[in-house]
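Presented below are the structures under discussion, each in the form of structure tokens.
Shared between the two complexes below is chain A, which pairs with chain B and chain C, respectively.
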Partner chain A sequence: MLASVGHPFVIALPFVVAAMFWYIARRERALGLIQGPTFFQRNGTAIGVFLLVAVMFWAVFLIVLPQLFMVELSFRPKLPPSATGGPRDVYTLQNYHYFLFGSPTSSAEWNVVHIKAFFLTIFASIMVTLGNFALCYPIAFYMAQVAGAARVRFLLLLLITPYWVNEILRAFAFRVIFSTSGILNKILLGSGVIADPIDFLGLDIGMYAGLGYAYLLLMVFPLYNAVENLPKSQIEAARDLGAPWWHIHLFVVMPFAKPGIASGCTLVFMLTSGALAAPMVLGGPRSLWFTPIVYDRFYQAFHWPQGSAYAFILLLTCVAFVMAVMRIGKLSLGEITR
Partner chain B sequence: MTSHTIRRAMVGLYLVLFFTYLFGPLVIMSITAFNTSPYPAIMPFEGFTLEWFRILFNDKDMIIGLHNSLKIGVLVVLISVPCGLAGAMLMHQVYARARSFYYLIVVSPVLTPGVIIGISTVIFWKDFTATTGASFLYDGIILASLGQSSFISAYCMLIFLSRLQRFDRALEEAGLDLGASNAQVFWHILVPYLRPAFLSAAVLAFLSSFENYNTTTFAILAEKTLTTVLAGRVRQGSTPAISALAVTIIAVTVAGTIIYELVKRREDARKAATMRRAQDAERLEMAAT
Partner chain C sequence: MTADVELDALTVRFGTFTAVDKASLRIGEGEFFSFLGPSGCGKTTILRAISGFIDPSEGAIRIGGQDMRGIGANKRPTALIFQSLALFPMMTVAENITYGLRVRGVSKAVRAKKADELLNLVALGDQGGKKVDELSGGQRQRVAIARALAVEPQVLLLDEPLSALDLKLRQHMRNELRAIQRRVGITFIYITHDQGEALTMSDRIAVMNAGRIEQVGDGRSVYTAPRTAFVAGFVGENNAMRGKVSLAADGFAVVETPLGPFRGTNPLGLAPGAPAVLFVRPEALHIGGGENICEATTTEVAYEGNLTHVGLRTDAGSHLLVLLGGGETRAAPALGARVGLGFAAADATVLPPG
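Take a look at the complex of A and B:
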């Protein structure tokens, strides 16, 4: 199929969907199923127009169309500008084929490097997410249920402060510690524990430490908000009934804080799997992380369709993760993004 | 009682460890900014110097990057706050059957990795500006602002939504019943009510934009921002000038936080004083009758 039909179709799509909903709403109003003032009666013309224009600009031009264009591009071949729209510009799966099997000229059966990087990224992101949860749950619980108001305010301030420093500088701080001539190696060498410096960055230890550190805050806050709403009496009741402490957490606090847990885990997973700064700053030359590979597809190989395909694969993974969390926790999207 | 003491000690130890993990790296990095050693190090501390700050403030690329970051930050605030407000106001008015679909669309950028937002923004606007002939829009500063606004608007919308949830619709109806126009109700009732939300949305939008890297690095094209310059510098090699930048940012934010706290405290005190005066007046009135 020629790819020139793609763009008009893609651009029309959001408008057609909006018009469809608008038409159904009008029909229902005509049938008396919807009561009350109409949109413009309720908001007035000026504000009504502002609302529609602003939301249309945001939802259509900043969110939907860019995503659709990216997906569309991922199914197109890489062509010089002169050949775009020509007979060779047909939809193809070659970019996805490349992800799985590598270039047609290579002798290897699978594109091992990219596939391995992809699964390693997903696996490491899940591990980082679980690790962050384990690390942040106690502090969230402490702030929400144990500490007094003044101390909570102080702790919140302490928690937020490191996050005003941007991601790259936070990663750089870990590089200062973990590099071959870094502080950790100096301490270990000086105290005689090791004879030769350890290449922490080459071993990816620095990268994982940095990734675990990077999004800690986004785990603490949803957890804190969720646990804070739990009435103290419920914990006391459980304690009075003789529940051991881990029972209280596992069967009283955690089920109650489920939306917060889901929210924190989704955010941390998404940010970690899409992290670019920590792998770039802390990764060694042989480190495998998916986002730098995507970046290289764009700005090293200049193969935008392929980069789009890789980005779409990452996006689908994140969607799958969010849906899995919603399914496991029996939650709605609204509860996760609160 | 001993088990209680042990538990308290455990909690204390955990807190200390947690905050050491949180602050340790930053403290170490900050110290390296003042060490004369050309490679960021704290031991041996060869001597105290401010040379790295001088080098940092004379770094032309950093200055250009800072300018661009500030420009993008302002643009993002100007785009995201109105879009977020409109998105939040429409949430309760949108056709009921379309509501969850609408919510899914506008909240999706929060759950989309930043790199993907940056990539899709470049792809779309490159094509769109070429087709419509508005190629002056295909500019790193504008694209970075648009890309960041896509998810920062969603943050702003969530802030407005949570404030709107506690809004008493009766106030609006009272205004309309008393003969106010829709526009008057909007400007004189809704906007003043939302003022704290406007403030926090604007601050959050600016800060998220200023420190954003993932979206910006794709969308910035040939331009540069502070974070992209910084990323380039870090990849070239470690120098204490980078630590000096971190110290500067930390100093600015700590100062900002302290000022914010002081302002807030004064406002709280003023509010409490007004309340007290109102109560006194009421008491006097009661005594008079």
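Take a look at the complex of A and C:
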């Protein structure tokens, strides 16, 4: 199929969907399923039009269309500008094929390097997410249930202030801490704990620490919100019924905070698997994170269709993974966003 | 199994504030015991100290003769029913009830059996599979009771558990609670600011004020024979007349009040010259006859069917309340009428001012 039909189709798609929703709303009103004032009656014409245009612009031009173009691009071959729209510009799966086999056409060998990096990224993101949860849960619980209001404000300030520094700078700061001649090694050497410096960056410890730290707040806040809503009397009731502290956390606090836990873990997992700065700056020479590979598709190989395909694979896998975990945890999307 | 509870000079301080001041008493095995007092009197603090959520600053708590010092809330033979009930919203009714058993590692089969048993005890039969928020207020109340009883406590502690219910249900649950207590036979310690609850349910009541236990006794003695001005004023309605003791003999005293000299019982043996308050219950005041007579003007008549409340203002400006019951109701004075009031000396109590 010629790719020239793609762009009009992609541009039309969001508007067709919007029109369908509009039609459904019209039908429901006609059938009496919706009653009361209409959108424009409620908000007034001027504000109604503004809301409609602003939200449409934001949703369609800033979110949906760029993503759809990327998806569309991922199914096209890499061509010089002169050949674009020509007879060779047809939809193809070769970019996805390349991810699996390291060649646009041959299926002789698996693309071990990329596939390995891909699964390693997913696995490492899961580990970073779990580590982040283990670190943030006590903080969130302390802030939500134990500390007084003044202490909570102080802690929030301590948590937030470092994030005023931009992500790249923070990543380089971690380099200063973790490099072989860095602060951590100096302390360990000076205090005589180790005799030779440890290559934290080569062992990827620096990268995992940086990744974990990068999205710490996105774990703390949903957890804090969820745990804060738990009445203290529930913890006391469990204790009164004989529960040791770990049982209370496992069977009373965590089930109660499940939406917050899911929300925090989803955010951290998604952002970690797609993180670029920390892996680029802190990754050891042997580590192969998937996002720098995607980045290289775009800017080293100058193969935008392939980069799009790679990015799309990562996105789809992450979404599928999160959905699967939520299904297992019997959680709906609505609960997470509560 | 049940156990007695002994408070030995129990004192709880929060900073410089003394919430409970040297409370000493013994609650017998299988007794329904209430702490009655206004909010902030320290009754909840006593309950939380018994359950182990607050450490006493001084003094001791003994349950079944064993000192509870250093024993955590999760290790005590008590179960607490919270004012908010504190049911677990993410668990079903049956899971709530058997939570304490799950903590103790009781097998699933035994837990299910126990849940059925307790659901029947609190008349919730087939509601075990429901979520807590699908139940009504009264049903939730029963779940909280069943959950506490599931761990077979020797002492059940109840922190105003009926306060969230409407009046009808509250009165019904009073009887229910009392019946459950008789059936399980364990010690119930009940906290309330509602004297009606305390009087109808309890074997004995401790009336508390400002961290101190003012009086301990059964409902009848607390109501008819108060030993402090606070108890006389807090438990039930009372008419108070201030004055000075002018004569004291044979267990009676005469108090010189702005309305004249009145005679009443003198349980504390106040001597002549001592400042005193004479208390007369509204139902002990009668229109017309009596030993102690004064006059007053009717300012309010509230007819309630079986009872009539009559408010009066004396010439000295103080207010009196008369409760007319039965046949007396027909003799209620008209608004603005001047009436003579009287009461028997045996129905009045002379106490030192609080």
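Of note:
Note that the second predicted complex is superposed on the first by the 314 of 338 C-alpha atoms of A that agree within 3 Å, B and C clash if a C-alpha of one lies under 4 Å from a C-alpha of the other, contacts with A are read in each partner's own complex, and residues count from 1 in each chain.
Criterion: a contact is a pair of C-beta atoms (placed from the backbone, for glycine too) under 8 Å apart; a residue touches a chain by one contact, two chains touch by 3 or more.
It should be emphasised that the depicted structure is a prediction, and the values quoted were computed from it without experimental measurement.
Superposition note: with chain A as the common reference, chain B and chain C can be accommodated side by side. Set against each other, chain B and chain C touch different numbers of residues in chain A, with B touching more. By the touch criterion stated above, A:P255 is placed in contact with chain C alone, chain B being left untouched. Shared-chain residue A:F133: touches no atom of chain B or chain C.
Once the two complexes are laid over each other on the shared chain, residue contacts for A:L315 go to chain B alone; chain C is not touched. In the superposition on chain A, A:E236 makes contact with chain C only, not with chain B. In the superposed model, the vertex angle chain B-chain A-chain C (Cα centres) comes to 70 degrees (nearest 10). Using the contact criterion defined above for the overlaid structures, shared-chain residue A:H247 touches chain C, although it does not reach chain B. Nowhere in the superposition do the C-alpha atoms of chain B and chain C come closer than 6 Å. Only residues 51-53, 72-75, 78-80, 82-84, 86-91, 99-100, 102-104, 147-148, 151 of chain C touch chain A when the two sit together in their complex. Those residues of chain A whose C-beta lies close enough to touch chain C in the complex are 231, 233-234, 236-244, 247, 251-252, 255-256, 258. Interface of chain B with chain A (complex): residues 11, 14-15, 18-19, 21-23, 25-26, 28-29, 32, 39-43, 82-83, 85-87, 89-90, 93, 95, 97-98, 100-117, 119-121, 123-125, 127-128, 131, 146-147, 149-150, 153, 158, 162, 181-183, 186, 207, 210-211, 213-214, 217-218, 227, 230-231, 234-235, 238, 242-243, 245-246, 249-250, 253-254, 257. The residues of chain A lying in touch with chain B in their complex are 7, 21-22, 24-25, 39, 42-44, 46-47, 50-51, 54-55, 57-59, 61-67, 69-70, 73, 135, 138-139, 142, 146, 157-159, 161-162, 164-177, 179, 181-183, 186-187, 190, 213, 216, 266-267, 270-271, 273-277, 280-281, 291, 294-295, 298, 304, 307-308, 311, 314-315, 318, 322, 333-334, 337-338.
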